[in-house]
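Letters A, B, C, D and E mark the chains as written, and numbering starts fresh at 1 in each.
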């Protein structure tokens, strides 16, 4: 019997050595890895793929002339908008000693779950897509910074416009996701700060199709404005059904989550004159226009709202790497202590690592397209809002 | 009063869609005692089949002169395809597993649903995003003392009622319907009476899936939006409706669908903060039914056979 | 007309029928007697293809039935009154009668005529034509089952324990019907537990025990056989 | 005479409009075998279902010794010592012969859960005892079963299935055994063996009362001390086999009219 | 023990001697290659080799018996080496915390799957909302430790018991229902729980709960890494060993329960509830026990997950999770503890290995489950007949000489 035990152990040893031989990887000095995580599958894949392409675009541009001192390999991982998958992806990237920094996530729950992991490994984590406040402000980590503006900033703008149009009584319809509830709370705060009033906030679920009960309630409340806190699919449903049920004389506004051309395509004529307090308008700068041109020349998928932020995230990481070399700690410090020039403007961090500028823009829907309000025919007086009686 | 009628119409619309799904569910349970959890995804398949066909027809320029002809033709085509899909599901998946324990078949249908759902997402361009469903029906509507009755809503309700009536006709009056009813009660005796049981089961699958396809199209038409993952919810709701009505009972499924639609719409309208708990209400209703009247509204109390 | 040649039937690992052979000539009433669980019902099921046969052959007018589906077999003119009457409880009486005809032939006038015949024969069925069959009494259900079987002129009628669970009066009635059918020229294979009744009207009989034919012959032979007597008339 | 084991008084069971058992009364004493006969559909199995607690009777009472057991859940009735077999044998098909018998001994002692984790020695002692008893029981009825302990019950032939079912019911040493048509599907040899088995049960388990539903008159004749004849849920006769079989009502109900056979 | 080899015939002696080491070698090599190598080619190749070996195992006549026999003989050696490997191998993966992370998740999945196996496999209750129990456990533990500052060890147990209580409550209404109805009730409960987790304020709503503290052992947090011989080992390794310990404990508990009368009676209820009742089994109580036991394991798994990752949100416990765990149970083989563990391992490693498939991942998982159901519905390892040790028969058979009990 002891003989058998020896045999077994021997077998394992052979197995382990055979397999173990391959694990040693010769490290190549010139090559440095950077990471990208986003929803490449599942419901959020379109945004994730747009961001991924934008990220790759910047990397390619930087490497194009061959003067960049390092060979760059981008490791793309999928979080599938799912925290558990995201944690695995983050562990994979952050624990890889060759990875020096990463650009991450669209969904806040995923971001909340991974921020600790990147901190544990001291890897710089540049957020191109999550809006939850706590990701940046809920900890004292140096690693995470965020390029995309917070929802607070965005809702301040929305509230400003509400006052501007003299619409003070609002109803919020929010979806019950982290995004919807966050936007709901922040719009409420911003509006009330300016003397406005939220009559009621009504929750709906993602995937819900019939909103007649909600709209009936809204009609009873008789508000001056409806703010939809959520994303495109349900927002479009709410808009279509509220018009159908005769709710035409109120202003309709939403957060960046509905700033997709799909909104106009789905709601068609009903979209006219609705507002979105949206993200950066890429076409407002030369750099932005160049980005759009370069992107469209290379990819067919749209870059969605988050493309420019992912593009700038790549710029930040590559600049830091070039400046201080492949050292995680130095990169973290460098990123946090510098200002970067991106397509969205000059990126400056506050003390927590939140970008202060982000090119927040108010858009109005004109002929099923989101048009910067200042440039629209509504602002110039050519058209009048359909909700003005 | 006005809002009440508005809600009533919404409830009828939601009920229509649930009923169409529930009828298929209940028919499967009736003939081969299978709860087909991929049924909801078959609906979405209908939705996603119509969209490219519509685009194609528009591109070919058939729409402008002949919209009134082309659209019904497309709908019928889609319904046929989903119907055939149903037959395929039976042949490939269900039939080989009929000998296995029912749990296995149930799980297989769940897995099949996932495969359909994911396949739609992956194959359809930009499939993860919400898709614009083409306007098949004229917009506008009838104004009745401040109450708007959209043409599309009316058409959907009308179509559903028409479907239910014709299905009822098929089941109650035709030879095939007689065969279906007979098979659902006693498949052995049915065979002895000369019924081709295989053919009957396949026609049930074709009918059920065709209705699901129609439900998918109507769903898209009414809401104007299509998303790949709507099926799981539709399927569960359809199944719930079928259970409330009494599984295996055709008329029960109609009552169940209507009841579930009304519960959803009215509970979320009249219970404060109800909208975000909409699904909770319907599921609690289902659980209550299962506990207090497990055989459904129309099902009879069955003494356990020993 | 019907010939069953040495068929074997297995359920899983257990043998239900073993080398069973029997035959029926035109115009005969043949009975198969056997206790509960002796394989009688399985025999009926294998003849009409509901239970697959492991080996052996079933021929009907010289045609092999083995690999045909049930509905194809019955289309050849075998009509079955299944065990427990096998009516469809949630179909109306009239729909039940329809099922007897409509899947084999498609002549509306003939069907209506046949339904009318059934109502003439059993007026009670006519009165209850729109009632669900499940609400009928046991005797009425038997009437319905027999009428349904007669919806199409059967070449061979297989009756699986038609007297099961009926009151003596109804049993008598049922056997009268069987005799009537026989006199009208129908060949009948009668499977029964009620040996007295069955032997009274049959021409020949088979005794089935534990899946095997242990005895067969004309009725007098069976009646006088000691074993039959012991098994079925032990009460005396 | 000793107190009765089981007393059924004015038992009635209605399903909706249908009366399956109509005001039936009888008693069962120790060491007695009671036969219940009657044509199919007479309500015999329903009697078992009511006695074993699967149905709650709609009228009358059932007493086990002194205790009223109407409407008690089946597992409680089984635990009190009333075990049954089924007309269509209901074994636990995917588990082994031995396990079927062990389940028949169904006793969950208090604290089994804790014991199964921490006092496994206690359980293994109990198991050893159970297996020993089970084996003995199987050997009494069928050497085949005793030698194929690990065969799936679903793979057994019908005769062995029935024996296993009897063993399962007997495993817990019940006071009353309800046998539902044990001879169904048996040839005369097997029925003869069964009769021996039934008599063996009586010899083996002192004081056990057996109720037997049976179609095979030979079995009834040989084993039952007392017979109750049911027809349409009503009792139409009772007495010894000789008494019952000469009763014209019974012959009418059971065999059809005798005169006819004579006539042909 | 020393003369246990005496009975083996000479001709088979050699094969018998090498078969266990050989098997172990193959299995370890394949598993190691699949888990530790980040290459689709290696993964697929190993899978193909593994699958063909498996087919060979079930198709080649006689082989099955030989292998089964030798596994049975060398059970203790296999267990010991298995344990040694489970402890030793992660040490070689020092530089790949990601793989250790996958292994931790795999361990948690094993606990989860074992719990569901009690319900679906042993008792035959179709539960399609199992993630609810997992979620309740995770939230219970997370809330207890973040809001009340209760230590991990207590909250871990509390999570198990709270989930068990929840399972018992869910079990009550399902007692009266059967098959499809039961499936629907479980779906409904799963979804209602998910919605409630999402909408209630005290669970943190859709944002979930963050900063869940790591377990501490004598004041030492598992979030700090160990240094051995100057080499820092990743923190995942701490969890690996903690979860390994608890998983093994749960496997042993499951094994004991399965092999006690409880397991046997569960089977009886699954096979034929009425016959079980008439045998004196309180079917309702046993079903409730099955619900609670299953939920208990789910609760433990949930607590482990919460404290390992440090953050939970309702998304972790949706319908998809339920289906995934169900897939593990089916794939492994219902009512077979070893099989279910294998199933859990495979289905928690596979999605990570299929990362390369990106968008097709969910499709692939669905297809795998579907194909598995169609071609091998009994799972990788079939439900086994309970074999009792010979010592229980000692009083009966003494002629064969196996009196070593």
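Definition applied: a residue touches a chain if its C-beta (ideal position, glycine included) is under 8 Å from a C-beta of that chain, and two chains touch if they have at least 3 such contacts.
All values derive from a computational prediction rather than experimental measurement.
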Quiz item: Going only through chains that touch each other, what is the minimum step count from subunit A to subunit B?
Solution: 1
Quiz item: Which chains does subunit A share as contact partners with subunit C?
Solution: B
Quiz item: Is the C-beta contact count larger for A-E or for B-E?
Solution: A-E
Quiz item: Which chain lies the greatest distance away from subunit D when centres are computed from Cα atoms alone?
Solution: A
Quiz item: Any idea how many Å lie between the Cα centroids of subunit C and subunit E?
Solution: 54
Exercise. Measure off the straight-line distance from the CA centroid of subunit C to the CA centroid of subunit D, and report it in whole Å.
Key: 32
Quiz item: Taking each chain's centre as the mean of its CA atoms, how far is subunit D from subunit E in angstrom?
Solution: 42
Quiz item: Measuring from the mean C-alpha position of subunit A to the mean C-alpha position of subunit D, what distance in angstrom results?
Solution: 72
Practice problem: Note the residues in subunit E that touch 2 or more other chains, in rising order. | Solution: 195, 199, 274, 359-360, 362
Quiz item: What residues in subunit D touch two or more of the other chains?
Solution: 54, 86
Practice problem: Would you please write down the residue numbers of subunit C that are in contact with two or more other chains? | Solution: none
Self-check item: For the subunit A and subunit B complex, residues of the former touching the latter
Solution: 42-46, 176, 202-205, 207-214, 216-217, 219-220, 232-233, 236-237, 240, 244-246, 260, 262, 265-268, 301
Self-check item: subunit E partner contacts - residues on subunit D that touch it in the complex
Solution: 52-54, 73-76, 78-79, 83-84, 86, 90-96, 98-99, 102-104, 106-108, 112-113, 115-117, 120, 123-124, 127-128, 131-132, 135, 150, 152, 168-169, 172
Exercise. Flag every residue of subunit E that touches subunit D in the complex, lowest number first.
Key: 253, 256-257, 260-262, 264-265, 267-268, 271-272, 274-283, 289, 383, 385-388, 391-393, 395-396
Practice problem: Would you tell me which residues of subunit D are touching subunit C in their complex? | Solution: 39-41, 154-158, 181, 183-188, 190, 215-218, 221, 232, 245, 250-258, 260-261, 263-264
Quiz prompt | Interfacial residue positions of subunit B with respect to subunit C in the complex | solution = 175, 178-179, 181-182, 185-186, 188-198
